[in-house]
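Right after this note come the structures.
The two complexes that follow have subunit A in common; it is paired with subunit B in the first and with subunit C in the second.
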Partner chain A sequence: MEIRIDDRKKIAFPRINHYDYAIRYIVEQGLEAKFVLLPPATKETTELGTKYSPDYACAPFKHSLGSLIEALEAGAEVLVETGGLCRLDYYGELQKEIIRELGYRCEFINLAEYMGGKKKEWLKLARQLNPKLNPARLAAGVYEGVKMAECMDEIEESYFKHAGFEAEGGSFKKVYRQFLLEMQIAENKNEIKAGYQKAKQAFAELPLKIPENPVRIGVVGEYFTIMDEHSNQYLQEKLVRLGASVYRFMNVTNCHLRAKASAFLPKIKEYAQYSMGPTTTWTIHAALDYAKRGFDGIIHVKSFGCTPEMDAIPVLQNISRDYHIPVLYLTYDMQDSDTGLDTRLEAFYDMLERKKKVLR
Partner chain B sequence: MKKKAYLGIDIGSISTKGVIINDDNEFLAECYLWTEGNPTRATKNVLHVLQEQFDQERYRIVSSGTTGSARKLVGSMIGAQVVKNEITAHAVGTTTLHPDVRTILEIGGQDSKIICVENGVAVDYAMNTLCAAGTGAFLSSQAHRLGVAVEEFGEIALKAEKAAPIAARCTVFAESDLVHKLQVGCPKEEIIAGLCKAVAGNYLNNVAKGKKITAPVVFQGGVSKNAGVVRMFEEELGMPVMVDEKGHLMGAFGIAVLAKESQEESVFSFDVADMEFKTREVTCGKCANHCEIICVYRDGSLIDSWGNRCDNGAVKIR
Partner chain C sequence: MGENHTIGIPRGLMAYREGVLWKNFFENLGYPCVFSPKSDRRILGQGTARAVDETCLPFKMYLGHVMELKGKCDVIFIPRMGGFTTREKMCTRYEALPDLVRNIFRDEHMEVLSVSYDWYDRTTEEKVYLELGMSLGSTRKEAKKAYNAARKKQETWRKAKEKGQQQLLETGKTKVLLSGHPYVIHDAYMGGEITGILEKMGAKVLYSDYVEQGSAMKRSYEFSRVMPWLINREIAGATMLMRKKVDGIVLVSAYPCGPDALVNDMLIRRINGIPVLSLTLDAQSGTAGVETRIESFIDIIKYQKAGGYGNQN
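Moving on, here comes the complex of A and B:
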């Protein structure tokens, strides 16, 4: 009898919301390696990350380190960390050291080293991960994985836009959960497409009960914290539960697949003449857009010590003053209790709703 | 037929407040006492005091509300119709009593907030984040250090010729400044005046940053009873700052008004003040998140629970 050993490399990424599914797709279908899909982050992830991180590193560093350690415990052989436009570019290096000092043995790939590099370099990296690589298959896998991210962004957007107004409690969540489950197990582009169309159709058919004074809230802010639900303590979900319609410009589709951030600069030139770094142009543009479209409120999200987003705050204050739109500023560190957040969100929502009731 | 009355309880970290109002928003009974770290007992005491003042022959309580940091616990305890955050409660309370107010400053035991009002409705607010610098807790710990009752702070501060400069941004820095000033022999009243100024300065620099403060200004919360801080605010803002005689009850009043507005009615009995309430924290073991679930028991039977992040941890109430 022939014993077949799965010799595919086990690759892991730090968690970032449900994009794990798209990354899994690219790794398994394109790269034909094995992906370590982690269960949703828990308090334990947070604790692990905090324990081994420098105290002054920002929350995203701690969350992703926690994820990486959990992935190692789950059997990952290759860890991949991404680069970015802020301190993030240095995070891979630092996390590699921390993980090595903890005594784990693994390959560590820091994508920061490949950013802006040539295609040849990327291909070399792919071959390093899978020597039997099929380049055509990789290209298709990447394309379809990105497509999946786009589908997830669209469905997510629709979910947060409408779920606050659902006529039957939990009906949107049910569809959304099913959709995510299908993305998690999708193995080809037809399955992605089918899941997406099914969810879209189901959302369109669900009855809505739009309240007398519907509240629309736009969420803007720092890349990781705003997108990763575990990091922002399910901010958008909480707002939806209060009955608000929630919009968020920041997602992979809008940031990486559509217009470049620099394309927005002319649109915000009254408030900012030049780019202030990583995600600030997106933040300011989205906030200004929400203000102009008559949203009821804006919530600004950042991790503690995030300098670029801190720089965006005075600009948001100007927008808030000019357009009479209240802005709630939230700063996240590794806090555990939801109470403070609940109080602020409830107060914010109540205020917007009462304001609408009285002033219109 | 007995007239309708509405009960509001505001359970803060430091003090617990209770009021009963009628349909015309008049106070029928009021009470203010220390929480002393035990919201259940404090609420019972408040209810006992209210019961004594309350004319049960003419009025009956048809609706009740709770606010403040222990609102959830006490809400399920007394079976409140409305459980709302203190920001909404304060905004509603103040705008009901002072319809023309434009800015509400509030400094409580552990939090401070600003509420901007237009046409009698809150349009913007901010609350202190991350740290409790410049709140009542800071003043009382410093009062303890100086050997002065915190209630006397205001009067002493008003006697000072000038305020000693004390760093306003951070409580830790303020404290080292204060120790330094004491050791070089600065008069106590100047230091106390300096502390009051630091509280006002900290508030305006942090909580009220970027918010437009327009008259009329109402200042409330426990710290508003401190005449020294009130004067410092007036000096910094260059406008009169109003302190309502009932300012400390505003949260409880606001939630009572909200209970009235809710138009949900049910029978309320003062008997809850004599029942036994217990809370138990249970760690959910159904996933690795280990949520802490709070279970509230009345006379031994479970009446409410919360704290679970997902449905797996939901505790059924029989």
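Moving on, here comes the complex of A and C:
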């Protein structure tokens, strides 16, 4: 009998909602290494992250640190942290230091060091992760992984738009869950495509019961907290359960695969002359768009201490005044309980519904 | 804008670092400048009333200064600073500054003079000031002359400060390094209080931004290759350079400063063998708490100097 030894490196990345599946696809199919796919985050993840982070580091720092520590416990050998245009750029360096201090032994790759670098450097990094790398396979894997993210964004968007109006309770959720499961185990582009088409078809066939006064809510805000369901305590899901149709511009497709943020600047010049921060242009543009399209309300989501999003608030206040659209501001830190959030969302939803019935 | 228009400069944020340059540049072009008065509790109070709760203390103070200038000048100078290179950026609040002020004071119709630069523009300081000068209606040549003269003044001012600090190092008294953003440690209401308390206890106060800038920047790249913030680089570099020359370090940060939250955590891990006090300033009205902490910190320094807690290693 032949003994097969898996000598692929075990790579882990901090959780970011279902994008984990796309990252897994890129790592396993493109890089041909092993990806440590973590189970959904729990209270313990939060506690781990909070315990070892500086006090007023932003919530995404704590969430990703918690994820990385859990990945190490699950056997990861290589940790990857990304960089960005705000504090995110410094996450990697500090997390590396914290993890070393905790006594873990692992390779730590800080993508902030590679950002804006040459293609050659990236290829060298890929070779370091898998010496037997096939560059053509990697390119195909990255392309298909990104495609998967795009498919997930589209299905997710459709889910939150319609699930609030479903005729039969739970029918949308069932399709959506099945779709995510298929993405989680997809191994080639045909499987991605099949899963996507199946979900799209199923959504189109599900009966809807649109109320007399449907409430449409736009969600805007900070990149990580708004996308990661665990971080925002399933905000969109909660709104859907209340019966609202929820829109969110911010996702990987809209932010990285479509027009650049600077392309939106002329549209918001009434409120901002310059780019006010890495995600602020998207936030302001999306909010203004929702206001102009006659949405009933906007929810602004951010983690505590997120400077760029904090700076969007005065602008949103002005938009709210100009277009008479209510805005609910939510700031997340590392809360355990979500009863407070429930109460606020219910009150907000009731107010919007009432406003619609009485005033229009 | 006409000849006799007055330009107002809020005494907050980067005015503590580049104020001399700004003032001289505008005056060389023929515009009189007016600074807002020194920070006090009233200014902070009026700024806080207009700011989003969570914003940092220096920004609230800055808003107070902007309000202070209302009616005293024709236009308020608020530049948009993004930094010049990828690893020497500014906090994102500086990218938002002019738009923030415009949005917050929308109903007051404040005239804002601004110039914008960002790290991805690949521009230089000179180009930025030429653009600013030309937007005010002067010729390229005039703007260049004004900038060069102002730059020289700024350099002389810096050199004098650096030299003064160098001389302080030679005194035998207890020396404490105050490390933090210039607009925190030199602000009369924020850092001023701390300096006052330290001096009252007989310590000489040194500032992280008066350490020789070139060598501090160089040292900061040894501290971290990827750290993206210019001012934090200066603070970290200066602190690492001075840690053997002073008796104690006070790391001052204003609540809730984004970059400081991460970098100071790293700094404390890297500074060894010298007492460090990490102070986070908030809008408290009393100084008794800070006083107690500084007092015990000075006691620790004195105790260590006298042989202290046994073996120093």
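Annotations for the structure displayed:
Methods note: the second predicted complex is superposed on the first by the 358 of 360 C-alpha atoms of A that agree within 3 Å, B and C clash if a C-alpha of one lies under 4 Å from a C-alpha of the other, contacts with A are read in each partner's own complex, and residues count from 1 in each chain.
The rule is simple: a residue touches a chain if its C-beta (ideal position, glycine included) is under 8 Å from a C-beta of that chain, and two chains touch if they have at least 3 such contacts.
Worth saying up front: this structure is predicted, and the values here are computed from it rather than measured.
Look at subunit A after the overlay: subunit B and subunit C fit there side by side. In the superposition on chain A, A:S245 makes contact with neither subunit B nor subunit C.
When the two structures are aligned on the shared chain, A:G83 is found in touch with subunit C, with no touch to subunit B. By the touch criterion stated above, A:Q273 is placed in contact with subunit C alone, subunit B being left untouched.
Put simply, the three-chain overlay gives an angle of 80° at subunit A, taking C-alpha centres for subunit B and subunit C and rounding to the nearest 10.
Of the two partner chains, subunit C is the only one that A:Y56 touches; subunit B does not reach it.
Once the two complexes are laid over each other on the shared chain, residue contacts for A:L94 go to subunit C alone; subunit B is not touched. Applying the stated contact rule after C-alpha superposition, one finds that A:A347 touches subunit B and leaves subunit C untouched. Between subunit B and subunit C, C contacts the larger number of subunit A residues.
In the superposed pair of complexes, A:T331 makes contact with subunit B and with subunit C alike. For the pair subunit B and subunit C, the least inter-chain C-alpha distance in the overlaid model is 5 Å.
Applying the stated touch rule to the two superposed structures, the overlap between the subunit B and subunit C interfaces on subunit A comprises residues 304, 314, 317, 331. Subunit B makes touch with subunit A in their complex at residues 69, 84-88, 91-92, 118-127, 129-130, 210, 212, 287-290, 309. Of all residues in subunit C, those touching subunit A in their complex are 52, 54-55, 80, 86, 91-93, 95-96, 98-100, 102-104, 106, 114, 116, 118, 224-228, 255-256, 258-259, 261-266, 269.
Residues 54-58, 61, 83, 85-87, 89-94, 97, 101, 110, 112-113, 116, 271-278, 280, 304-305, 307-308, 310-311, 313-315, 317-318, 331 of subunit A are the ones touching subunit C in the complex.
Of all the residues in subunit A, the ones that touch subunit B in their complex are 39, 42-44, 234, 304, 314, 317, 320-321, 324, 326, 329-331, 333, 339, 342-344, 346-348, 350-351, 354-355, 357-359.
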